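Shared between the two complexes below is subunit A, which has subunit B as its partner in the first and subunit C in the second.
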Partner chain A sequence: MALLYCLVYDMRESHIMKIHYGTALAAVGLVAVHILMRMADGYHQSLEFANVLANYQFVPYAGLLEIILILLSIHGFNGLRVILLELHQGHSYEKAVSYGCIAGMIGLIAYGSRTIVMANMGMI
Partner chain B sequence: MDTNKDNREGIGGMANPGRYGIERVAYWLMRLSGLGLLVYFIAHIYETSSILRGEVGWNELMAMTDTPEFHIVLIIVIGMCVFHTVNGIRVMLGHGGVGVGRPTRPDYPYAPASQNTRHKIAIYSAIVLAAIAMVYGSTVLFGV
Partner chain C sequence: MNNTIKLRVKRSATDDFDEFTIPVQKWTTVLECILHAKHQFDHSIAVRYSCRQATCGSCGMKINGKPSLACFTKVSEIDSDTITVEPMSNFPIIRDLAVKFDRLFENHRKVMPYMDNTPPESSRMHIQSPAELDKFIQFANCIKCGLCNSACPTMATDTSFTGPQALAQAYRYVADSRDKDKDKRLRIIDDSHGIWRCHFAGSCSQVCPKGVDPAMGIQLLRGYMLGLSD
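Take a look at the complex of A and B:
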């Protein structure tokens, strides 16, 4: 809880924007690899069950998916926070938006990680 | 005071895409594409979780998404993704001081140095690249 408080209140906006840009640049490179993996086998063939499962069970690729998930969740929910704070300001509102976005980010990472870990371990 | 309030346009005035040129259009496209991509990302995470329902569950989902309507949605996502990336790099460079010009004395008509031709070209390039990517995406998805 203390960590969450530090994330919401103690971090300078300039630091948050550096994280925003850093996650964007890293995600661009990794998502390009993710898309190229789809294109390499042909779009429709790459989406066949056996192919997708093999992707999840290949540990380096599963790691790549996990990193993309974390980077895009941070970037996406921080972007949403910035848009919402542009529209309206106020102590309670800003607090609700910041906590809401952090909760959304953690929820999405948890849900996506569950899929990656379970598929990787063959728990299907 | 009342007169001032009447003149105040609020968010509508700030948001008007017909004002302030292509920069304001880029501002809106950046936010709309960002929100669209976040919605797609959340849907994509939910969609891929159907792998845990086994081959039947996965094939059911593929049958549901392998439609012309969904392909059109994907083509729009491709366009949003390319525009957001290219315009995002422009914004990052601008925040870092690249391409915003040297500080000069503010003379009439007070044209902001940061909204210069280089940035306008970058915005138009982002739109053109997004259009090209959408055309390429449609050839892949529809097998043209």
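Take a look at the complex of A and C:
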């Protein structure tokens, strides 16, 4: 909780925006690698269930997907936070938006990570 | 060009436009048209003005939809025989064309628009090179007319946004080599409704009657924030 408080109140907007821009740049690079790896198999073949599962079971590739998930969650939820802050103002509302976006981000990362780990361990 | 134009003035009491036929010459300004209507047809039209030479920044309004200074806009440069004047957007209306500047002045004050210019110990004066002066001089031309804030799309939705006027003024002092309060000023604008909420629409720079480029000032300020400028 204290960590969450620090994240919401102690971070200056410039730090948050540096993270926002950094995650965007990193995600563009990694998603490009991800798409190029799809092209290597042939696009249709790469979407077949067995191939998708095989990708998850290849640890470096699963790691790449996990990093993309984290980057896009951070970038996306901060983007949502910015949009919501511009839509409406007020101390309680802004607090709720900030906490809500952090909770959403953690939830999405947790759920996505669970899927990646389960697929990697052959539980799907 | 016809010798008369139709002037449509937005009235706050009825939330509708009153129309007046105004005789014009090629040098007639929109402010003169409004004052003609006020003196000859309807004394109750509320308009704020003072210098009539684009120096005081009092007569900002929307002229045919574009935020402009009424004293600085000639009828002959508007390609229409109908001129519609409305109060500036993103400002609370006092009456008719007069709007409240409280938020603009409050934000302007917030960014500390003054210098801590204690001279260096080695000298009794600040030495500034022409190159250092060039970094901020255009931003010193701001007359606080509020047209940039009126044109800004972020100001329309975010009531806490600092606004292009105040941010451009922040840059004017941050970029001044004589000032010692740079870090304090950068910290003030580095909040959730500060500099990062600008979407770089650029409309602020398009409407400035003094040739100030607030959009560029904001981007340059971001350079300071991201550590790309000293």
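We adopt the following convention: the second predicted complex is superposed on the first by the 124 of 124 C-alpha atoms of A that agree within 3 Å, B and C clash if a C-alpha of one lies under 4 Å from a C-alpha of the other, contacts with A are read in each partner's own complex, and residues count from 1 in each chain.
As a working rule, contacts are C-beta pairs under 8 Å (C-beta built on N, C-alpha and C of every residue); 3 or more make two chains touch, one makes a residue touch a chain.
None of the values given here were measured: they were computed from a predicted structure.
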In the superposition on subunit A, see if there is space for subunit B and subunit C together, and answer fit or clash.
clash
So, does A:A24 touch the first partner subunit B, the second partner subunit C, both, or neither?
first
Which of the two partners, first being subunit B and second being subunit C, lies in contact with A:A96: first, second, both, or neither?
neither
Which partner does A:G76 reach: the first (subunit B), the second (subunit C), both, or neither?
first
Please name the chain, subunit B or subunit C, that touches the greater number of residues in subunit A.
B
Let me test your reading of the model: by the given contact rule, A:E13 touches which partner, first (subunit B), second (subunit C), both or neither?
second
May I ask you to decide whether A:A40 touches subunit B, subunit C, both, or neither, giving the answer as first, second, both or neither?
neither
Considering only touches as defined above, state whether A:A54 meets subunit B (first), subunit C (second), both or neither.
neither
Quick check for you: in the superposed arrangement, does A:M118 touch first (subunit B), second (subunit C), both or neither?
first
I'd like to know which partner A:L87 touches here: subunit B for first, subunit C for second, both or neither.
both
Subunit A residues contacting subunit B in one complex and subunit C in the other 17, 87
Inside the complex, what are the residues of subunit C that reach subunit A?
154, 157-161, 187, 190-197, 225-226
So in the complex, the part of subunit A that touches subunit C is made up of which residues?
12-14, 17-18, 82, 85-87, 89, 94
Could you pull out which subunit B residues touch subunit A in their complex?
11, 31, 34-35, 37-38, 41-42, 45-46, 48-49, 51-55, 58-59, 62, 66, 85, 88, 92, 95, 140-141
Enumerate the contact residues on subunit A facing subunit B in the complex.
17, 21, 24-25, 28, 39, 43-44, 47, 49, 52-53, 56, 69, 72-73, 76-77, 79-80, 83, 87, 108, 111-112, 114-115, 118-119, 123-124
